[in-house]
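Please go over the structures that come below.
The same chain A turns up in both complexes below, where it pairs with chain B and then with chain C.
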Partner chain A sequence: MKKLDKDRLILGFAGPVLALVVAIALTTVVLYVSGSDPVEPYRIMFESATYVDIQVLIVNQAGTYYLAALAVAIGFRMNLFNIGVDGQYRLAAMMAALVGASVDLPGPLQIALIVIVAMLVGAFWSGIAGILKTTRGVSEVVSTIMLNSIATSLVAWLILPKNFGVQPAGSNNLTTGDIPESGWFPGLSMGAEAGEIYGFTFVAAACGILYWFVLGRTRFGFDLRATGASESAAQASGVDAKKMILTSMLISGGVAGLAGMPTLLGDTHTYSLDFPTGIGFTGITIALLGRNNPLGIAFSALLIAFLDKTSASLDQYGYEKEIATIMQGLIVISVVVSYELVRRYGLRRQQQKVGEELAAGGALATAHTAGRSDADGDDRGDENNNGKNQKEGAAL
Partner chain B sequence: MRRITRIATVGVASAALALTATACGNKSSSDAASDSGESRAAIAYDVGGRGDQSFNDAAYVGLAKAEKDLKIKGNDAEPSDGESDADKVQRLTELARAGNNPVIGVGFAYAPAIKKVAEKFPKTTFGIIDDASVTGKNIANLVFNEEQGSYLAGVAAAKVTKTKTVGFVGGVETPLIKKFQAGFEQGVKETDPSVKVLSQYLTQPPNFDGFSKPDLGKAAAQGQLDKKADVVYAAAGLAGSGSIEATSKAGKWAIGVDSDQYAQKGLAAYKDQILTSVTKDVSDSVYNLIKSVQDGKPQTGEIRYGLDKDGVGLADSNPAYTKLTDVVAAVEKAKKEIVDGKITVKTTP
Partner chain C sequence: MELHGITKRFPGVVANSDIHITVHKGTVHALCGENGAGKSTLMKILYGMQKPDEGTITVDGVQAAFAGPADAIARGIGMVHQHFMLADNFTVLENVVLGAENLYGIGSKARKKIVEISEAYGLGVRPDVLVEDLGVADRQRVEILKVLYRGARILILDEPTAVLVPQEVDALFENLRELKAEGLTVIFISHKLGEVLSVADEITVIRRGTTVGTADPAATTSKQLAELMVGSELPSPETRDSTVTDRPMLDVAGLRLTATDPDGAIRDVLDDITFTIHQGEVLGIAGVEGNGQTELIEALMGLRDPDGGAITLDGADISHAPTRKRRERGIGYVPEDRHRHGLLLEAPLWENRILGHVTERPNSRGGLLSPRAAREDTTRIVREYDVRTPGIEVTAASLSGGNQQKLIVGREMSHAPKLLIAAHPTRGVDVGAQAQIWDQIREARREGLAVLLVSADLDELIGLSDTLRVMYRGRLVADADPATITPEELGSAMTGAATGHLEAHGTEGSDGADDAAAPAPGAPEAAETTETTEVPEPAPKAAPPKDDAR
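The block that comes next holds the complex of A and B.
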């Protein structure tokens, strides 16, 4: 068993590492072909990552990304592709800001209220897609994309001054009003120069631990993974698949709702027209790269945040900061390809081993094989997802 | 067991290394900034960045002019899509630390960031375009009376329309673009109450495609032309060029925005049908602020550019427009009345 674990670990790492190497190599080629220095931009990016204020930015951004990616990953484990994380996140942040600005409770209660509202709104929005899927068989891919657009229009309507929005005097922006100071989540100050790490970043980390525990160590998590791997098989073994689909969609939306909290509670304290967007889509990249593993997602979130923040100053040195965007795109492509390659290699290797063991004969080998196929059950679920994503990516 | 331990050791070791590297970075990005004797000024762009043929480009023109006339070194920085306030704070901080003075945020989205950064750099002048909500000793709020220029466009549109129907295409439905709509509609109605105004927005925030995608502007203008509009005023940045294309191909009048679009190279094929443009002199406001800092008397507080200072206005470079003497006369009259305060133009529709 131990030896098997090591194999899986190495294969697990091989995918992302291969993807990163390929992405960096291709980016370097792009840089070279476009006539820029192919190495200097990396040096600038690594150098700016040594500054403490940039590090704070990276960590804060990674916290937001982490939550969004967890939301996507919960769907993936269940074989659901929740593309609507972005819409759920924006609507949830907006409604939470609205409620937060209109009531004034003592500190922790105010924060708890805002967070709960955000989760409920996010869950409500993804729940629509969940109900459509379980009752009418509507693909969640289609419905969540549509719900993203509806969320955009809904937020735009709600934030009009004649409805719930506020236009500060002299400003051309629209906000939801300011959340009173009791609803500000205290951060961890890194010094006056560097700013502070949003307190909610630690909550994001806690969510990762919770994700690991619930999915890996509870019956519910097992049911969820089982249903994700094979709906009919799970049904046959007594799991209510439809209920699982709806539940996981609701949880995914609830976590998506949390993604806006680091920024809202730690920095802006209001939802305005320029609230960050696209977090949900970045979350998909990160969940893919992190292989739906809480630790993997954490590293991926840090990596993408690193690319985002350190590329920002490339402009100043005469390089295009879109280099980072190119690299992120290449990472997505190479992740899908390299995971498939690694999966095939793993499969072949396994078959080889089984062959060897069978050749050696004995009851011991049979026991091993049984253990192995069980352990691989959830892994295959992931791979199914990747295949599906690839197809959907092409369709998009 | 032993092998696992070795992997764990490697893992811990590399994590420790990474942490050490982090700990070494106990300095901030400002320390990298060099201080040269030469004067510097910087602008930080709004969504779309340089090359939007509109708002951001106008700011750049002002900076370029200052570089040439005032012999300063200009810097500019682009935003990322969907970025947060923290990113804007970072960008402005880096520009200020690098010794740029003034540092100008192009667009209202920079307001919260300017407020934070201006407090940290009391000796640097900060400019913000299109916002008067954040104030400070070292903040200059460069704001425009877009509604006044749009009112004149409404007067012109009401005068030239034959079908008694005119169109307004707004880029993104924000309070700023609503000022254009309000002024235009009022101008039309007060000139000829029988003229119908069709108003439409391309997108709602946070979807800012309505400022950048010409196909959206084209489709919207086409729809209004089908409803018998024969003058279409597009306040939609780059997307507006699609409206101009559709309107011009139909042989109807288009009204441009922000800069004199009759003179723009990209639109040369359609220029004969560009009746006029509502200009918004962002470039002069940028230049003036840089100059005031160079002269040692930095602008501060609200600097309003209205019709009176030609901060907004109506372009008259199309000879076809100046030939319509009655239209020009009506526009001049309305302009005088606004400057004299006889007409107050609304800022919300």
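The block that comes next holds the complex of A and C.
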């Protein structure tokens, strides 16, 4: 039994490692073909990561990514593709910033209010897609993409000075006004030079633990995972699939709403035109790379944040920082391919191993020991054939 | 065309083993067998949709290996699927040329060819009509034409009559005879004995994935054919001493369910279903697949909301209760398709043990899972139900079909069900596991479990059931006493040939002959084709629970 577990662990790592190796190899090829030094950029990136201030930037960025990726992962576990995390968190951040700027409660209450507003707005926006899916059968992929675009326009309209926006003196930027200091989330200072780690990064980590607990240890989580693994089996087991779709969409949107919080509460304290965008899409990459596993997502969030932040220094050395973007894109492709390969290999391998172990008399003790040996022989036959079928499946 | 030693295995199931068929040119060759006997798999192999693990296919004396349907088409093999593959918003012409544009173009040449084929075989197809305006029979003719247009000399028809009314069936057979007259070969898959006998020149019977014999329709009766189909060498699932009590466990009254067809028509898939299962009783439902058994189970499980009628479980009305409530109230469910409805294939066994009972102990407490308790209990199930596995952390997919099924049965039995719904509990399961599953059902029945058994295995139905009902077109049309009925008689009732209370030949007198009292209108449209089974006394549709004198 131990051996099988170890196998699974190795296979669990094989996917991401294979993907990364392939992505790095391909990026190197791209660099080489474009006439650049294929190794130097990596060296520069690693070197810049040794500076504490860059490290702080990476961690802060990773916290934001982590929340976005968790939001995506919740959908993935349900077999829902919430592409709308991007729109959800931007709209949520904006509305939360508006509310935060217009009221002034004592510290923790102010923060709680802002966070709750963000979650509600995010959930509301994804809930639209959820309701469309459950009542009209609209694919959440299509509706969330459209809702992203609507969110962009809605944010642009709301932030106009004639509506809720504020134009700071001497600037072309538009903001939602500043959140009073009671609504600033305290950070962890890493020294004057390095800056501070957003306090909300720790909330993000807590969200990861909560994610693990809810999915792995609660009935609700089991229902959700079961629905993701096989909707038909889940329904037969008593899960109300429609309710489950809506619920997970709402939760996904709620968590998406949090994705803007590290920046809003820890840094900008206002939503402005230059508020970071595209976090939701990066979250998809990260959730994929992290295999929807809370720890895996944490590592991939750090990795992508590393690529983001260290690539900035490439410009100074005459390399294009888009190398990091290319690499992210290549990671997505190789992740999808390598995970599927590893998954199929793992299934086939396990079937074979089970067959072998049974053939070797490794079955758990059973009540009916009589006639066991020949029945085991049958099973072995079956398993070998399974392997054969799997191979064919892969060939097709 | 010849098939030799074709064997095809799926994980855990051998769908075909050592199939031998010889089809002669210019004949209609019928392939018949029970549901799940492996006919469809065989056809997919013939049409190149799946590769056999072993065996060879020879077409016109040349050995063939098909990498896909395109290869099969190139060798002159065409398939008319049970479910039509036509684009509704295209005309017949467009549908026919779709994907075969390089043959005769898409214009007048193609139209000319279509008309030519249509006339040659008397298909009566009009090329410029929209497919959505066509009826089922016309669509089927378009499908046939599509295949001929691609130059097929061997046509495979998968259950072509399943969707047709009797007159349309006659017309189809007329078409088939024309095709045959033109030298084409037709392979006709069906489990309807009467049809097979009337249209086929040769018959090959498949049972449990292998060819068990061939028959000459001129010299064979449907009774003999049925015997070939159901066989009799299997371990007998007999239960003799009755454990039926008089306490009703499941009461279904006037259950109605409607479904909307793809073409928008609303039809009854369940019509006035009424029956009662008592504690310790196994009620067997016989019927050709697609006559409402699946829908009945789904309505009982709460997967479909009935349009009328009442379902009462142990005195509580559960007609519209959600699935989880029903499971918590004590319905165990062994689904027809365990891969789709019974298991999470890529999850470990212990998670599969939780599936369906996540709200019950030992799987959870409050809202929280108890993985440790669930694991322990999984180990117990594995031990007690003889699931052959090296451990409980392996995925369900890595077990063989029989062991998967034993795990499901063990899981469902572990929550002291009041009612077990078992749909084809031994389908695709090896003989050893089959006997064990039968034992478990029998044992649970002795302890007062009520069982609804739906099966295509007539021996299983007759052997396990205390009461038998026959389902036909969404209605319970006949009932029978498993002590006296034979598989052949049951089989013919399943085709709608007999209704009311089925009585075996020459067993009248001592037992069971006196229960069906009041005659009532059965299903007259089906009764006219009665041949092998006599219909002595049609029983009322809502027959009271039989007082078996056994």
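Basically, the second predicted complex is superposed on the first by the 359 of 396 C-alpha atoms of A that agree within 3 Å, B and C clash if a C-alpha of one lies under 4 Å from a C-alpha of the other, contacts with A are read in each partner's own complex, and residues count from 1 in each chain.
Quick note on the criterion: contacts are C-beta pairs under 8 Å (C-beta built on N, C-alpha and C of every residue); 3 or more make two chains touch, one makes a residue touch a chain.
All values derive from a computational prediction rather than experimental measurement.
In the superposition on chain A, A:313 makes contact with chain B only, not with chain C. In the overlay built on the shared chain, the residue A:248 is in contact with neither chain B nor chain C.
Once the two complexes are laid over each other on the shared chain, residue contacts for A:126 go to neither chain B nor chain C. Judged by the touch definition given at the top, the superposed model places A:239 against chain C, while chain B stays out of reach.
Once the two complexes are laid over each other on the shared chain, residue contacts for A:174 go to chain B alone; chain C is not touched.
After overlaying the two complexes on the shared chain, residue contacts for A:88 are found with neither chain B nor chain C. In the superposed pair of complexes, A:193 makes contact with chain B only, with no contact to chain C. Within chain A, the residues touching chain B in one complex and chain C in the other are 5. Contacts from chain A toward chain B in the complex involve residues 2-3, 5-6, 9, 47-55, 57, 60-61, 90, 152-153, 155-157, 161, 167-174, 193-195, 263, 267-268, 273-279, 308-309, 312-313, 315-316, 321. The residues of chain B lying in touch with chain A in their complex are 1, 3-4, 7, 21-22, 24-32, 75-78, 80-87, 89-91, 93-94, 98, 108-109, 111-112, 130-133, 141, 143, 173-176, 204-207, 302.
Within the complex, the chain A residues that touch chain C are 1, 4-5, 216-223, 225-226, 229-230, 232-240, 347, 350-351, 353-354, 357-358, 362-368, 371, 375-376, 378-379, 382-383, 385-386, 388-390, 392.
Residue ranges of chain C in contact with chain A, taken from their complex: 9-12, 14, 51, 53, 301, 303, 322-328, 333, 335, 340-347, 351, 354-359, 364, 367-369, 371, 379, 382-384, 386-395, 397-401, 403, 430, 432, 436.
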